[in-house]
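Notes for the one structure printed next.
Here the chain labels run A, B, C, D, E, F, G and H in written order, and each chain numbers its own residues starting at 1.
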Amino acid sequence: MNKEDIKELLESVKNNKIDIDEALGKLEDLPFKELGFAKIDNHRELRVGYPEVIYCEGKTVEQVRDIVKFMLTKDNNILGTRASYEMYLAVKELYNDAEYNSLGRTITIRKKKQDVTDSYIAIVSAGTSDLPVVEEAMETAKILGNRVEKITDVGVAGIHRLFSRLDIIRGAKVVIVIAGMEGALASVIGGLVNKPVIAVPTSVGYGANFGGLSALLSMLNSCASGVSVVNIDNGFGAAYNASIINKL
Amino acid sequence: MNKEDIKELLESVKNNKIDIDEALGKLEDLPFKELGFAKIDNHRELRVGYPEVIYCEGKTVEQVRDIVKFMLTKDNNILGTRASYEMYLAVKELYNDAEYNSLGRTITIRKKKQDVTDSYIAIVSAGTSDLPVVEEAMETAKILGNRVEKITDVGVAGIHRLFSRLDIIRGAKVVIVIAGMEGALASVIGGLVNKPVIAVPTSVGYGANFGGLSALLSMLNSCASGVSVVNIDNGFGAAYNASIINKL
Amino acid sequence: MNKEDIKELLESVKNNKIDIDEALGKLEDLPFKELGFAKIDNHRELRVGYPEVIYCEGKTVEQVRDIVKFMLTKDNNILGTRASYEMYLAVKELYNDAEYNSLGRTITIRKKKQDVTDSYIAIVSAGTSDLPVVEEAMETAKILGNRVEKITDVGVAGIHRLFSRLDIIRGAKVVIVIAGMEGALASVIGGLVNKPVIAVPTSVGYGANFGGLSALLSMLNSCASGVSVVNIDNGFGAAYNASIINKL
Amino acid sequence: MNKEDIKELLESVKNNKIDIDEALGKLEDLPFKELGFAKIDNHRELRVGYPEVIYCEGKTVEQVRDIVKFMLTKDNNILGTRASYEMYLAVKELYNDAEYNSLGRTITIRKKKQDVTDSYIAIVSAGTSDLPVVEEAMETAKILGNRVEKITDVGVAGIHRLFSRLDIIRGAKVVIVIAGMEGALASVIGGLVNKPVIAVPTSVGYGANFGGLSALLSMLNSCASGVSVVNIDNGFGAAYNASIINKL
Amino acid sequence: MNKEDIKELLESVKNNKIDIDEALGKLEDLPFKELGFAKIDNHRELRVGYPEVIYCEGKTVEQVRDIVKFMLTKDNNILGTRASYEMYLAVKELYNDAEYNSLGRTITIRKKKQDVTDSYIAIVSAGTSDLPVVEEAMETAKILGNRVEKITDVGVAGIHRLFSRLDIIRGAKVVIVIAGMEGALASVIGGLVNKPVIAVPTSVGYGANFGGLSALLSMLNSCASGVSVVNIDNGFGAAYNASIINKL
Amino acid sequence: MNKEDIKELLESVKNNKIDIDEALGKLEDLPFKELGFAKIDNHRELRVGYPEVIYCEGKTVEQVRDIVKFMLTKDNNILGTRASYEMYLAVKELYNDAEYNSLGRTITIRKKKQDVTDSYIAIVSAGTSDLPVVEEAMETAKILGNRVEKITDVGVAGIHRLFSRLDIIRGAKVVIVIAGMEGALASVIGGLVNKPVIAVPTSVGYGANFGGLSALLSMLNSCASGVSVVNIDNGFGAAYNASIINKL
Amino acid sequence: MNKEDIKELLESVKNNKIDIDEALGKLEDLPFKELGFAKIDNHRELRVGYPEVIYCEGKTVEQVRDIVKFMLTKDNNILGTRASYEMYLAVKELYNDAEYNSLGRTITIRKKKQDVTDSYIAIVSAGTSDLPVVEEAMETAKILGNRVEKITDVGVAGIHRLFSRLDIIRGAKVVIVIAGMEGALASVIGGLVNKPVIAVPTSVGYGANFGGLSALLSMLNSCASGVSVVNIDNGFGAAYNASIINKL
Amino acid sequence: MNKEDIKELLESVKNNKIDIDEALGKLEDLPFKELGFAKIDNHRELRVGYPEVIYCEGKTVEQVRDIVKFMLTKDNNILGTRASYEMYLAVKELYNDAEYNSLGRTITIRKKKQDVTDSYIAIVSAGTSDLPVVEEAMETAKILGNRVEKITDVGVAGIHRLFSRLDIIRGAKVVIVIAGMEGALASVIGGLVNKPVIAVPTSVGYGANFGGLSALLSMLNSCASGVSVVNIDNGFGAAYNASIINKL
């Protein structure tokens, strides 16, 4: 609404073409519509259908239950990450169909049916110890409405296993690679596929692994060009990111 | 070519339906067609039209000239990154229409006309000191065939400047955020747009910036969920990544 | 007490105006009054009204109780930081009106009524996980006699929430910003207010957060000029510092 | 301007109490006055009188000259930090009264006379090698309109020198402590004065000093409570911060 | 199988020298035999006789039991590393002759008798606290079929003890040196023997040892030229490596 | 035994002055007496009277008891560091007069009366949280036969307390300074005394203290010249070192 | 020379079978022959044929020339590493057949013909920027008498190139893998060959590569078991180590 | 002057035994004589004979000359460390007998003859590259009046060289060990001598040496108990420290 629009509106008021309440309604929105904030709201509207998300780590069972209780008053699906089994039991009392992924430590509540994308996200991991991050990523991707294909245990120390699964990896619209230790898998896959690769370093390993730092640096320095990186063990962030891309 | 196909081929040989040389030709490709390697080749074919890329840092002027000379025998466009002006002069002798971006330190040679995408990549940066990385990213994105919009100098210390450019950022298909110092811009934009955000930490800053480590950690720990990160100052990698997404 | 004062004193002794013991008493203090040390004492006097402070971490319940017991013999208010609930119970036996902030882990004992400043300290935080540090800062600021306004959960990932609270932040005499993860909030606020901003990085986050290092470096490298930083999770230090400024 | 105000305005338009252009003028400001952005502008207005600042590091002589040329079209004082002598010579051609502090590497241009505060900022430093940071802080504080007292070479290895200057340090409204190596001076002064202490670690030292990291960590871990810290060698930031406090 | 071989095979089919199914069988293997993958398999064949290995850390007792149960269906020896006593008890129920090294935290199952090498691996360690890594290395080396000599407690602080054992160290075909703290033992031995030295830093120590980083850096910077390094506490990796060399 | 001595011996053999067995006995010792090893033994002899030392961390109660049992067969005093109370109880059953310092976590057994030095070691510490390291240092220094003076709680945040104890610090032959947080005390004392200062950083502190790294770097970068440093929390090492100096 | 030998010698002296000077000569060597030191010498003897090595970095041209001049008085081959071209010119004046590898920065002087091993060392590298380290390793391996096969530019971003060279890598007795950036090549090769793999991280890369730290950590954390690591850019050390293994 | 002394003085005033001015004079000094400050002065007096020291790094040639000029007005010897040859030439113009150690980068001026201690400081170093630090330590120790013995090039990679010099090392009153790379020499010597060992890590080395960090950590974690450490490359600090001990 530019200056001319407002002038015209005022003239309509003056000339009784519209009544004051109608004009008021149009002007009321002005500060919010013209500025970034209106856009924030619009863009949040687009997010309708997205689940509410709770990061449970560092919260008490009571806090998690109270937050979920409040969320349940709305019509959204709900995802709890880094949730303990005790948290799940407390949530289950509120909503009996809540589900728990004990490996990925996620709570999921599905109140609304979702459409699922035709294109899929491939979640590829190196070793069995990376599975908790794999599961967190998978639960996140699914409740965001994505089709997911998991390809696990294809670490570079036995690279023939990776090659036999290459078709399914290449068929994805976006690939999440989850690996600890030296994180070499991200570079190898980055060199084999022509899709966006989101790398998740995990804290798996010992010694000079330094809680995932080794894999993190390795992935940031990947010699393959299509690789970007999220934080250590951040399966949720990778899947959230992949979902945005998958739905482009 | 599965088991049945091979059996059928052999029967055709036995029954003289096809001669041995023809059968040989079909079988010869077998190992390469059936396996990942064939696919590597196919996927490289898809990359036809992609420029050849030279990372010039640490190479001598002579080495760069020789590599470009060889590349010019093929029909591809060429991108040289981290190139000095001396390298450019040497390349210009080989190909007079070579161009140099002195801020971004890129050499570009365009032998073939490219299509440009309708959707665009927004490249957003915080301060004037981040411009070299901005330019490297822009040159990379363009030679990969992408429409690009640059929005520079919108750092969070004067956040109103960012808000006045929000429309153009939100209109992009993928957003590259380039920032040094504390790298907060990636989080702020990640919270305002619903598109994939690729964050590039830069080594701009002093003191406890530690050559970009501060911005890198900041971006990895972003509280906004749609942000992934590439290596410090890696404008090329961010643009390559963004190009893959922009063309999905 | 200057040279003339001492000369006069000696003459009073000589003239029997005062007896030797009285003169001795006055002279005895001399080294401490005339030097820096005297000033230390004077300056400590100015601090009368300040609470006694115990840092409880790493102490046993018995040690905390004994220290508080001794402190209670004096007329000061008392603040215990990093205190466990068990410590609180032991202290409560000594002084029934002792209070415990379970989130901030502080024990407070108010034996004397305090004046409260008209100007106030704004304590702003990014996420709910930063609340323990917020509460420690708030309890510290209050027992030091400051009016406090808390503005929580205004992280940069949803920056519109911050803008709706900007008035109250700008109205403060000094602002404490408490944030973990990437700590971007300090820079954003530093760019929006023209008051001293004391930033407290928190250890909230995971992966490459490295126990608060990410937020610490981010805040030290803030592109906004009015920001200074205290140690990770140091809500007490920030509030003590803010109190000095608020009372200037 | 709330809902009732707008309604009343519209009624005045309808009843011809005010004409449309007047109403338009009032409404036009609405989005900017009611929101944070208006406040940004107001608060920038308060900053009138503040110098324009250029961080010259990483810029070419030409870039610095061009920026200063543009700044000179406005009526503000100008401060250039991290400026080389060559930059100064280029600026001097534009404005003959420009001054250069070769130790602090600052360029200052004073087009307007400034008021100077009664209260002062004490700038205290440990060794002669810290002087460049001292000078940068002093030039910054002065062009921001502050009275400044410098107390240099009072490192803790000869602590008696510090004590003989304690009066002047204690008389300040805010104290900047600049120290490299182990940075112990900040803690010692923090324990002796009851004013806000802003500590600046410097990169002075060798070996395990790691470019100022040693002093930085030391200052962040100060056992004295009134100390906050800015980035390594950031004399400008410390002075800017101190100026805000000094003018409270 | 080269082009000629295939041609000949096709001619045999045509001439009815072999029937189609036989030809099919030969061709079916083609992609795998001709390429690297075939070689992977061949090379795995060479590994027959090698034990199956489970890295037990981070697995549950149930997971370890299930994996061992599956492994027992094959004819291999089994090595479990980083195994708890509870894991051992669960494994013992499956195979009564399983053995547990409580210091080295290994489970070993020997279903097949192994040849033992004539040449031996010397495992040398500095202090008694390094013994867990020594034992893990020894159990690994032994189940891989190597003769082992242990020389413990010969740290450099009492270097005469090392000299009295020098003969046995020099007699080895390959030497593993295990040391924590400053890891100097690797350099001293590297200077005294003319055999490959594999150094294992251990996390033994306190303070600025940083979980083995001190010994790791020390060993990487060894002034003796024949020393290579594996990860902190990685007794298994060192022994696996040494076994390859010992069997050359 | 030099060349001449051996020649003389051989002549005595030839001339039947001594018989072959006697000559043999003298020659047999030759390699050990003439070389460093003989000296090692001699120098160990000089250490007679020194206590046996056990570093108990990481050992089981049983291991500690067995080692002490063996040590008790010899006539030396015994010092156990980093010992738990359970270890003490087990040792007490072996030797009823064993003593336990619960703060310093040391076990001491005195079988022999020791001379005590006239000169003394001053052990100076900053805060009450440093006391465990102080006690470990004190017990070590005492059982090594040194007179010790403890001066605790003289941190630099209240530097007047340090000055009132300066006489006793200056009277020492060697000074141990134990401090955590920013470790500034070492520099301050290093500037005030003209004796060797051994600094012990402690892991006391929080946030960016990084387990003592802050104090360690601070002490290594001390601007006072007479300061050397031992490992974090290493009270034993400091006292052992100080004892050697005190007995020079 | 054991006890019996000495007894017999003494009897020969007594019986005048040998004269005293001859006996003296034999006994004089005793301490050195019987002990470790003798063995040091013996083992150095075994090294005859090994080249003399000079690490030229940090030395002046004059120093290098003087050292080489001295070495030339002996009959050994000579290897200079990290040598500048100026150093080479100075050496060439002393010995005209000296050779310079400008990429690997080595000087080699061959005064004696060497045998070359039948088995070979494979030197495998990822990118063209790793070539300086490759060349240093190759020159070292060759002057130590080893047959060498170089396989360069087989980085994991185009893994098919690696597979086409797998035969020659597997045929080696020991494999050196040289890679910068993320160093993934070491893991991939470690999983494909059953030979000792010595990994050399290089400082190639930028941003969060931290001078080779990324590749170093990656290689230390390799998921493949037969990999050990030497220092960053240490081509010499890797080749020295490989040579020992190749000659076992 | 204690309480009794003051009482007596006052009585003398009262009884006219001394006049007021005399009493005044005595009292006036009181604060300075009785307190630490007086002692600071006394203790500085003890330092008479000590050289004046200038740390030249980071100073201009002019600054160094001006400082030396001022120092020459006093009667002390002078030591300049980290001095360039240009600085030396400028100093030589002021004082023709100034000497320059080009390896150690020290300037020395001897105006007064010094006594030299009977006992000596042994300065032991590992490699030729450590010589600059050795020379700085030697020049410092000598101008402080100490007898010095240098034992260079006795690194642990050829430990027999160390043993042949052990006598002279053991004869010292205090030992300085200077070593880069892995710094193992400090531990080895610490285990062989019963004297205070001051270890100086040097920045010699490459790769994961990290500018001396490797040697620093190694020395701090030394398994030998009599070792303390100074900063990287700090030959001056080590010698200053050793001199204090040598003169005890």
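Everything below uses one rule, namely that contacts are C-beta pairs under 8 Å (C-beta built on N, C-alpha and C of every residue); 3 or more make two chains touch, one makes a residue touch a chain.
A quick note: this is a predicted structure, and the numbers were derived from the prediction, not measured.
Q: Can you spot which option in D-H, D-F or F-G is basically G-H again, with over half of the contact pairs the same by residue number?
A: Interface equivalent to G-H, from the options D-H, D-F or F-G: D-H.
Q: Please tell me whether F-G or C-F has the greater number of C-beta pairs in contact.
A: Of the two interfaces, F-G and C-F, more C-beta pairs touch across F-G.
Q: Can you work out the whole-Å distance between the CA centroids of subunit A and subunit B?
A: Centre separation, subunit A to subunit B: 24 Å.
Q: Take the average of all CA coordinates in subunit B, do the same for subunit G, and state the distance between these two points in whole angstrom.
A: 40
Q: Averaged over CA atoms, how far is the centre of subunit B from the centre of subunit C? Could you give it in whole Å?
A: 51
Q: Touching two or more other chains, which residues of subunit F qualify?
A: 35-37, 40, 158, 163, 192, 207-209, 213, 216, 220-221, 225, 231-232
Q: If we count contacts the way the header does, which residues on subunit H are in touch with subunit C in the complex?
A: Those in contact with subunit C are residues 3, 6-7, 10-11, 13-14, 16, 20, 23-24, 27-28, 30-31, 34-35, 37.
Q: So in the complex, the part of subunit D that touches subunit B is made up of which residues?
A: Residues 37, 40, 55, 57-59, 201, 203, 212-213, 216, 231-234.
Q: If we count contacts the way the header does, which residues on subunit D are in touch with subunit H in the complex?
A: Touching subunit H: residues 128-129, 159-160, 163, 204, 206-209 of subunit D.
Q: Which positions of subunit C touch subunit B when the two form their complex?
A: 126-127, 155-159, 181-184, 186-188, 190-192, 205, 207-210, 213-215, 217-225
Q: Using the touch definition up top, name the residues of subunit F that touch subunit H in the complex.
A: Against subunit H, the touching part of subunit F is residues 35-36, 39-40, 43, 46-47, 163, 166-167, 170, 173-174, 192-196, 198, 216, 220-221, 225-232, 236-238, 240-241, 244-245, 248.
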